[in-house]
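A, B, C and D label the chains in the order they appear, each numbered from 1.
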Amino acid sequence: MTKIKVGVVGATGAVGQRFAQLLAGHPYFDLVVLTGSERSAGKKYKEAARWILPQPMPDWLGEMTIQPTSTDLDCQLFFSALPTQLAHEWESKLAAAGYGVFSNAGAHRMDQDVPLLIPEVNPEHLDLLTHQQRTRGWERGFIVTNPNCTSIPMTIALAPLQARFGVEAVIATSMQALSGAGYPGVPSLDAVDNVIPFIAESEEIKMNNEPNKMLGQSNGQRVEGAGITVSAHCNRVPVSDGHLVTVSVRFKDKPSIGDILQAWQTWEPLPQKLNLPSAPTPPLVVRTEDNRPQPRLDRDAGGGMATSVGRLRPCPVLDVRFVALAHNTIRGAAGGSILNAELMFAQGMLDVFKEDAARVSVPT
Amino acid sequence: MTKIKVGVVGATGAVGQRFAQLLAGHPYFDLVVLTGSERSAGKKYKEAARWILPQPMPDWLGEMTIQPTSTDLDCQLFFSALPTQLAHEWESKLAAAGYGVFSNAGAHRMDQDVPLLIPEVNPEHLDLLTHQQRTRGWERGFIVTNPNCTSIPMTIALAPLQARFGVEAVIATSMQALSGAGYPGVPSLDAVDNVIPFIAESEEIKMNNEPNKMLGQSNGQRVEGAGITVSAHCNRVPVSDGHLVTVSVRFKDKPSIGDILQAWQTWEPLPQKLNLPSAPTPPLVVRTEDNRPQPRLDRDAGGGMATSVGRLRPCPVLDVRFVALAHNTIRGAAGGSILNAELMFAQGMLDVFKEDAARVSVPT
Amino acid sequence: MTKIKVGVVGATGAVGQRFAQLLAGHPYFDLVVLTGSERSAGKKYKEAARWILPQPMPDWLGEMTIQPTSTDLDCQLFFSALPTQLAHEWESKLAAAGYGVFSNAGAHRMDQDVPLLIPEVNPEHLDLLTHQQRTRGWERGFIVTNPNCTSIPMTIALAPLQARFGVEAVIATSMQALSGAGYPGVPSLDAVDNVIPFIAESEEIKMNNEPNKMLGQSNGQRVEGAGITVSAHCNRVPVSDGHLVTVSVRFKDKPSIGDILQAWQTWEPLPQKLNLPSAPTPPLVVRTEDNRPQPRLDRDAGGGMATSVGRLRPCPVLDVRFVALAHNTIRGAAGGSILNAELMFAQGMLDVFKEDAARVSVPT
Amino acid sequence: MTKIKVGVVGATGAVGQRFAQLLAGHPYFDLVVLTGSERSAGKKYKEAARWILPQPMPDWLGEMTIQPTSTDLDCQLFFSALPTQLAHEWESKLAAAGYGVFSNAGAHRMDQDVPLLIPEVNPEHLDLLTHQQRTRGWERGFIVTNPNCTSIPMTIALAPLQARFGVEAVIATSMQALSGAGYPGVPSLDAVDNVIPFIAESEEIKMNNEPNKMLGQSNGQRVEGAGITVSAHCNRVPVSDGHLVTVSVRFKDKPSIGDILQAWQTWEPLPQKLNLPSAPTPPLVVRTEDNRPQPRLDRDAGGGMATSVGRLRPCPVLDVRFVALAHNTIRGAAGGSILNAELMFAQGMLDVFKEDAARVSVPT
């Protein structure tokens, strides 16, 4: 199988590190480019990156040289771990230059013509890309985004329920891991023996907007939102990885607890049918113990790509309540973005990059 | 002023330690009796108790001798830090023997004739005591209880709102401190780098029942519940002290955010008017920063007796949402129970114990 | 290759869980027996074990049935995760019944005829086994032990230095992980925001005795100790896994810092030459950054089997100082014991168990 | 009693906050000036300072206005919480302008004519001040410093032993709290579930130089070092406050364990004899439990000003080993500096500031 050459833009940060780690030995993609800030460019990765992942940095990765972000890099696709502002500046530029861009940044998530994608949830939203390319005058470049790390576990847990029972309203309280704030991120004096009941102005807004876009309907030009009202309380807890969310839901059709369970347990979304390399089986791990999921025990389920749900029970105020958990830097960031690329690869949507391995715009 | 002699039953455990610490130099009460299990009885406190509080054990306390729990102890009142089962066994026995019992245990909280008391919230529920004594045939002994540590911050925050706007429904997610589980309590391998989305079967039930009793109306014989539907998600987080709760509320009358703020800021409950020694001023600390209250920074407000609220904002699903915090072993346990006793003292309801300092039933 | 059937005695505890996890898919050994207490026997592993490892319990493992420990179990070797007292009771009994016993317990470590083995350090001490079997009248059963988890990183770091420069004295301060105390182990209120400067009476004694036995000379009947004086300060820190030790050393021959570095970097011990499945390459990871090794970043080096050293510099009081780290439940317990078995397997010392796969003593 | 007007320079940082907190209601000193950076100047303290102490910020403090650091401020003494570089720039300037400066910074600690002072250890070193003022041409201004927070517990524990038995060599391993790095300081991802075996190049050097200066002899012009060789291993652990140090010591005269104990227990240093307001009684808390001192339980002994020692036992390599603990931002920083000022006040060395409450250099 011909692999496609890929790069990571913003490779030295927390999410960039995960991209690099997860792309090691990938069956579809060959990681050949790492970009970083001017300060990092020209250095070996091991000198430029302050590695913060619990597993050691692979040797081959440490020896790669950081390049400055540009439109003249020798690869076809980019995974973007850029901070928002730089994402605004660079992602369109890269797409215009003919690169496919899979972005973890928030910059373009809510753009009408940009898919906000969880392959298990809304693979059909990729139909926005034709419109995106036409509108923006991009020949084969594109931007596909993945959602905020806190939206993920809730949206994945709701997806099979929305389809069958119609979600009307959600009240959710997140307990978010420290790695979600990047590095250096949260000062340790704020984290040890403490909870911070605030992430950022925008976090609770994203918790409303993103699920509505992902659970909504695309008409090929834009997505009609799902019409769910989401009230989120976002909190930071002293946990390294793994966002836990308590969720209370009101449904249009009033499903029983058994109905919910069955919807979860029989859910067979596309990435699992396609057997994508990063697709966890099952996509939803339904825990029946009374004290699960827990970040330390469940964040690595499915290689960090599975969402775990548990404590399913009636909610006396809305209809049903439960707890959901996902690994925030794997499923919730780099891993989610890679799964997006795998979905497009498996559906032949990246074939143009295979056929023409040497990009036209790269000077010869 | 004549002080009343008091004892702590179950004095060696986590809550017992707080009782002893908070009663040091108390203006109304003289701590003269500490009781413990058979294994502890006869030992000095410093030998029997595995001290877990961050402040050092006072020397005088360490030198006191633990006595076996009995109805022949030389004091008038007891603060009970007994575990539920022992509370069932002993508290009625002590009340029947003529002692006033202020209990932190769950055993009698929901008994119809037992006040479940937060002095700022429902001081008038002490009118149940006459009925309690008559019904149970107790001459001057009685039982007064304080609520579960997790009910407290939410109930205190709701009290001034319930009075004015009528609370209909609440969805709450708690992030509870480790000390709430006592000692040894939660194993460290479950606590470090983790959240446990479960406390106990009964915890979420208490979060519904207790606020309803406290915010309800007493007719002198029983309390008519407040009719509030509470849906609680209870979680354990790696914090030593301080329970944080996110709260979404639906009101009968639809108050504005300004109405809520005003109700909180102008609240003047009885303990503060009576200037009770343990009553914090103000009872509610309203934080306006976007990231407060936090356990580490706010649990000790008002000497651990104040409740802090913050992040007040509209809830798109119910009406209003906010965050509340209280110190779980001070306001939420020992300190709350002592404030109950102070309220009765200041209202003359303990005068019988002053006049007759030597209890009749104590053998001479 | 014929695999040997193995069992884990004491399989439900913290170390037992690691044994089971690390034996999954092992090329030499087939895990077919799990034993547990009377309370656990008969239950499925997933019902009997309170799983505490950060990776999910494998499904096949969860479905295995716990058996009561006995001398009639259908396997050839046992890995023992028994607590000391049960190890005293059972390990000799199992060896006498013809099983090879690889023990992580402290019970027999200092027995004269029992190898205390780190394959990289003293593989030649296996010559004690002939004497052990003769003396104890065991036909083919035997006991081989691995050292205390805190002795490991220091002993491995000293092994190549002892050979060349002669170690005379060591002052070491350990910062030990919570998992070293098993489960429930250390109460969270003692662990969060705290250090406990004490492990157990015996811990600091082991830190002297065990390295001396391992670095000593075997004459086939007993080991002549290495004559090193070790002064250990043992502490518990709020870290889940990974024991870190600061070490100051006095040498007979006074090596330079460069000499030490070279001895570490050129060390090629037997397990790596034999390419044993669990042998990490390199056995010693020499870190040159000023702030490494760290438990969170380095404990998983070499799959948790490598020892990391760093901060090598002169000691103004003794001669040289450095920091060493190893994963306490992998290299320091289950993984170390499995490597012991691999060493014997690769040297043909377990062939007797292969030839006679059905043990004589198993009733047919 | 006439109080002396004091200010805190660098008042908004971690140590500045402690100074302000500990000076509240001080019997000798009246806190009237707070200085900060240009960004802070003109703001109320509550707006300028990001409060990180576990106790709430006092209201009166929050309302004080930050001034820019200058030589025209209306007070007589300054407590300096400046970072090193600013301390180099400002402290001499302030002393030259006639202010007494008590500095927590490292800038002048090792200056020959500057006392590095722990009142219990070397009060006689204040005799350097006459020489300091003469040499530097300062009329009544001066600089007195307190040592690095990690040197403190070890130096205090050694002081009574040095006097009687002569300390020759020390090997120490510190486990230092996060607050020692200030705010934002250590990123939480480096702190949670981790130990960092490194503080800064200079930290281990200070651990040698500072105790030698403090335990040495002053001849009125300079201090002859104590000639002790100190080898320090400095580590950061996930503890909020309280530096714990394991210590192995070699003595000239070989004291028994009993001799050491007696020296500690009968130690009566000057601040306790003078009954200084911040002097803890006893200065050394000798713990006899096998697992004390612990940061969480012992850092607040003596209001955070006492040093706790424990685990006293023979060291097989040197002579004796033990563990010492002190609160790093109280005794180890702000509280230590205030005690220095109290010592001078009680000895009449600050009378010049009392008599002339209005400083000459202040424009009228």
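Here is the rule we use: a residue touches a chain if its C-beta (ideal position, glycine included) is under 8 Å from a C-beta of that chain, and two chains touch if they have at least 3 such contacts.
This is a predicted model, so every value here is computed, not measured.
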Pair of chains joined by more contacts [C-beta pairs], A-D or A-C: A-D
Distance-maximising chain from chain C - centres being C-alpha averages: B
Centre-to-centre distance between chain D and chain C (centres being mean Cα positions), rounded to whole Å: 44
Chain centre separation in whole Å, for chain C relative to chain A (CA means): 40
Gap in Å, rounded to a whole number, between the CA centres of chain D and chain A: 49
Multi-chain contact sites of chain D, meaning residues that touch two or more partners: 52, 190, 192-193, 238-240, 296-297
Pairwise touch network: line, ring, star, complete, or other: complete
Residues of chain C defined as touching chain A within the complex: 51-56, 192-193, 240, 296-298, 300-301
Complex interface listing, chain B residues touching chain A: 169-171, 173, 175, 190, 192-198, 201, 208, 229-231, 233, 235, 237-240, 244, 246, 248, 250, 290-297, 310-311, 315-318, 321, 323
Residue numbers on chain C that touch chain B, as the complex places them: 52, 178-179, 183-193, 238-240
